[in-house]
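Please find the structures below.
Next come two complexes built around chain A: one with chain B, the other with chain C.
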Partner chain A sequence: MLNYFYRKLSLLFFITFGVTVFVFSLNYLFPTDVLSNMSGITNINEIDYDVIAQKYNLNDSVFTQYFGFVGRLLDGDWGVSFINGTSIFNQVFRVLPATIELAIYALLYSFIIAIPLGILASSDKHPWLDKSILALSIIGFSMPIFWLALLLILIFSIGLGWFPTSGRLSLIYNIPSSSGFLFLDILRSNIDYKSEALADAFKHLVLPTFVLAAYPTTVLIRTTRQSMKDVMNTSYVKAAKIKGLTSGQLLRRHGLRNGLLPVIQMLGIHFGTVITLAIVTEVIFAWPGIGSWLVDAIHQRDYPAIQGGLLVISGMVFVATILFDLLYMIFDPLARRHGHGKI
Partner chain B sequence: MVKFRFFSSPNNSSPFKQLWRLFQKNHFALVASWVFAFMILMAILGPLLAPYSPYMQQADMLLVPPSWDMSGHIQSPFGTDALGRDILSRILVGISYSFGLGILAVIVALTFGLLIGTLAGFSKGIRASFLNHILDIALTMPSLLIAVVIVAILGPGIANAFWAVVLAMLPQFIHHIRTDVADMLNKDFVIAYRLDGANSWQVFRFALLPNMIENIVIFSTMAISSAVLDIAVLGFIGIGSQSPEPELGTMIADSLGVFYLSPWAVMLPGITLFLCILSTNIVGDGLRHALKERRLQ
Partner chain C sequence: MRLLDIRNLNIELITNDSTIKAVESANFSMKMAEVSGLIGESGSGKSLVAKALVGMLNNRWEVTADRLHFMGQDLNRMSESKRRKVISDNISMIYQEPRRCLDPTSNIFSQLEESLPDYEFSGWFGAKKELRLKKCIRLLHKVGIKEHEKVFNSYPHMLSEGICQKIMIAMAIAKEPKLLIADEPTTSLEADTSLKVIKLLKSLNQLKEMGVIFITHNLFSITSWADSINVMYCGQLIESGLTKNIINSPKHPYTKALFDSEPDFNSRDANNKQKLYALKGTIPTLQHLPIGCRLGPRCPNAQRACVKMPEQQKVKGQFFRCHYPLQQKPLNNNWKKA
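Moving on, here comes the complex of A and B:
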């Protein structure tokens, strides 16, 4: 286990190195001036140029520049935005909590929906249930996420008027931002309309969560179904059945413990996809997270902001993947055997 | 357990014929394969069949509903959008943009993936381990995120979106083919073929490729659906193909402003896209099941 942990740690180190090298090379890949990309200052005049170039080690070798870049990343000096001149670091960490919040709720929701459905589909007693759940899951898998979002807005927001179409909270509520996570902020604030604000935040959350959860739910249903089928066909389950365990006991003691292991692995594999789908969801629902912020930056060709956004999103995906992998290893001793530098 | 069969005869048909026979037993998959073939046909012939130019604007025919509506016209069966452009023509050309480019992207990625993946599968030692680490990093990144990064570097546009999708899929193809090759190189029949004096090219051409081709086809089918989706998503969030182009995702984004007035301008391209992806997924699933069954026989 310790050996495995050490391996994952070295992989994390290697990945961090790779990501920072990539983000650093973006300075040279983007079409604008290298110094502008690094500092975020546009139209640098002749006199200032030397001073700023000195600060960003532009006259030294690429290696010195890279180490200077990493040092600035650690210091929190990520340059300023081309568009509004404010610090990228502050902007990124202001919008990041909204995305994490959305992704976590969507994953939780898909967990709650998908696992019972997957278990139902895996049993041989109801073949029609299996078929209809599978058909539903393949339809959900093929539905373009932005189109699904538009359909739901058309039905539930415009047609029935149940949920709002965009945003995170109605503008009439003034919640002081402390942690960035909306529910936490509302609970911690001392306002006298707490319950109304909570209800409003919940209403805003329903549609984006459902849209974002569509993909992980379908994937989880298929994974759960397959792994439960595999587990229920093993000899140890058959032996337990012969010993006289009821199907409920069988499921609780043997089925779920072994059948849900691949689900943890799947969550790790698909966490990155969920984050990218969150970008699309945020754009549609005008959710003030890092995804819509990054897309805006791409539209405005705000290169320092694109760098910062990519660094945070890819870093988040990598760390989450490795964490899920470690979790999987803790729960499943059999998987530790061939853990050769593999994510 | 030996099964007794009355009318059993040895099955001597080729593996592909057996696969097709098993595939046909699944009626959903069969219908999906017709839809899939129809979409491919439209991707090739669509621009020729389109009654109007997808860019032609008719100022006197704005937001005409589809022809099955009471106030629709027969000259534009699917109605027109906010600029008076015929939606049927735009969808026909749009299929060749979204679906056609998606298939093309998979073919290009497959070609490069086959080349690099095979070379990587044959290599050993430090080179292989270096490539493994690079691939591990690239595989963790979801393809759409890689595509967004590449578009951010190259700038928006349909050509850049196409290359972005190709590059984003490449790691998956390389990884898949490399594992296949590396697994198969240890099999006895390949070693026997080598002992017969076959060189690396002959081993690849006559021993590996015929055994990999089915897996590759199934994997590529699944990749098509994600490629089509990626191109459409990039178009929809406005960093892929740009506004007047009749790409399906871009068309949906364009018509968002008139969503309340004319939902069909959003729904019809969406249904087309959905059908393309759904048929591809069902065909891929059916092929995979058929292959599994044939291996069991």
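Moving on, here comes the complex of A and C:
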């Protein structure tokens, strides 16, 4: 177990190394001046140039520059933005919680919806249920989410007026930001209108969560259905059935544990896709997360900001993938067995 | 009252373009606490009969029977859930592939524990748990596993095939069933333990009045203690009757061939480099069954009438399907002693 954990950590180390090398090389690949890309300061005059170049090791070899770059990353000195001159590190970690929040709620929602539907669809007793769930999931799978988002806004926000069209919280509520996670902040703050603020935050969350969850839900439904079908047909489940277990016990003790293993794996694989979709969703709903922030940075050619955003998003995907892998290993004794020659 | 009474059991495999009859009109009956052997080559449908009996086949198989009585209850006329209850309370099975019948993600103790019946243990929660643990340990000791602690905490992939087999046996006898179906229970065990297991089953049969269907292709392990023997070939029960009758005067040429093909090391007149007897040919696949008697092409004394399927006949309590039943005694006389 520890051995496995250690191997995963070393994998994380090497991936991080690769990504930092790539992000560092972007300094040279972006069209503007190298020193501007590194520091984020535009139009450097000649007097300052030498001082700043000294700080960023520009006169030394590329390797020294790289190690200096990594050192600054660890210190939290990620340069400043071209546009407003504020620290990129602060900006990134101010918008990141909103994205994590959205992604986690969407995954949670899809998990809660997809697993029971997948199990229902896997049962042989109701073929019509299977067919209708599968049809729904194919519709969800093939529908582009930017279109789905606009459609939902048209119906539920503009037509029915149930949910707000954009944003994270109505402007009339002033919530002091401490952790960046909105629900946590509201609960921790000492304001009089807590329940109203919570309700408003929830209303803002509904549409983006639903849109973002559409893709993982459909994938999970299909994975769950197939793997439950396979598991319920194995000899050990049938043998357990003959032991006299009820259908509920059968599902709880043998079906779910074996059937959900591929689902966990699938979640890990699709986390990257979910983050990509989160960027699209954030732009449409003007959700103040890292996705819309990064898209703004790209529009404005804010090169230091693009580097920072890239680093954080890829780091988030790696960490999540490795967490899902560890989760898989905890549930599957067979995965623990293959100690060697496997990552 | 009969323990089991089956008439005209058909098992069909439904494929996309055709249905294949895997087992055809098998009749089978057992008295209470009887030991019945089911013998045949691999692929002859022995395991299918057993699996159909406990309802383990998936919905690609269609099982039909004119009569399916278990301890006087008609299983055919019961609802699905009632039938499942009757079967799980009274019948248990030792499977052929032990490791595939154990859940790979839960440990041995929880799997063994769940095969204990609920009603047997009374008392408050903690005491009940203690009793169940003790019972599980006793069961493992019974089948010859001494390190119960180690085995309880292991997962199936950590254990050898033989130990998995023993665990399956422990699970099967846990609820002291009225009928135990043992599908080649001793194939993956060492000779010593296999004898012990058979002894254990024998004693359960005598003390707890447990009926046993013993499926095997090893004749020696069955002739010494089975009350009756059923021989299957190509999905048909070709001969069944009391063990001593079958040994002394098999009516069907296939039964005789089965007995003859077992080399006889006891008799004095075994010559050096003597050719061992074997029936010519191989068992046909179910898609390419011969017309008429299924043994026809391989049968040493096939004649013209064998192109027609022989009906089941009964002579002195011995059922067989053959146009020309054998009259003489078999060459090997050592079966009498067994």
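The criterion applied here is as follows: the second predicted complex is superposed on the first by the 335 of 343 C-alpha atoms of A that agree within 3 Å, B and C clash if a C-alpha of one lies under 4 Å from a C-alpha of the other, contacts with A are read in each partner's own complex, and residues count from 1 in each chain.
To be clear about the criterion, a contact is a pair of C-beta atoms (placed from the backbone, for glycine too) under 8 Å apart; a residue touches a chain by one contact, two chains touch by 3 or more.
These numbers come from a predicted model, not from an experiment.
Once the two complexes are laid over each other on the shared chain, residue contacts for A:D332 go to chain C alone; chain B is not touched. Applying the stated contact rule after C-alpha superposition, one finds that A:K55 touches neither chain B nor chain C.
Legend: residue contacts after superposition of the two complexes on their common chain; A:N233 is shown touching chain C, with no touch to chain B.
Of the two partner chains, chain C is the only one touched by A:G244; chain B is not. Which of chain B and chain C touches more residues of chain A: that partner is B.
Of the two partner chains placed by the overlay, only chain C lies in contact with A:N258; chain B stays clear of it. When the two complexes are overlaid on their common chain A, residue A:H126 makes contact with neither chain B nor chain C. In the superposition on chain A, no residue of chain A contacts both chain B and chain C.
By the touch criterion given at the top, residues 11, 14-15, 18-19, 26, 29-31, 138-139, 141-147, 150-151, 154, 158, 272-273, 275-277, 279-280, 283, 294-295, 298-299, 301, 306, 310, 313-314, 317-318, 321, 341-343 of chain A touch chain B in their complex. Within the complex formed with chain A, the chain C residues making contact are 54-56, 58-59, 84-85, 87-89, 91-93, 95, 97, 100-106, 110-111, 114-115, 117, 155, 157-158, 171, 175. Of all the residues in chain B, the ones that touch chain A in their complex are 129, 132-134, 136-137, 139-142, 144-145, 148-149, 151-153, 155-156, 225, 229, 232-233, 236-239, 249, 252, 256, 259-260, 263, 266, 270, 273-274, 277-278, 280-282, 285.
Chain A makes touch with chain C in their complex at residues 124, 233-245, 249, 253-254, 257-258, 261, 331-334, 337.
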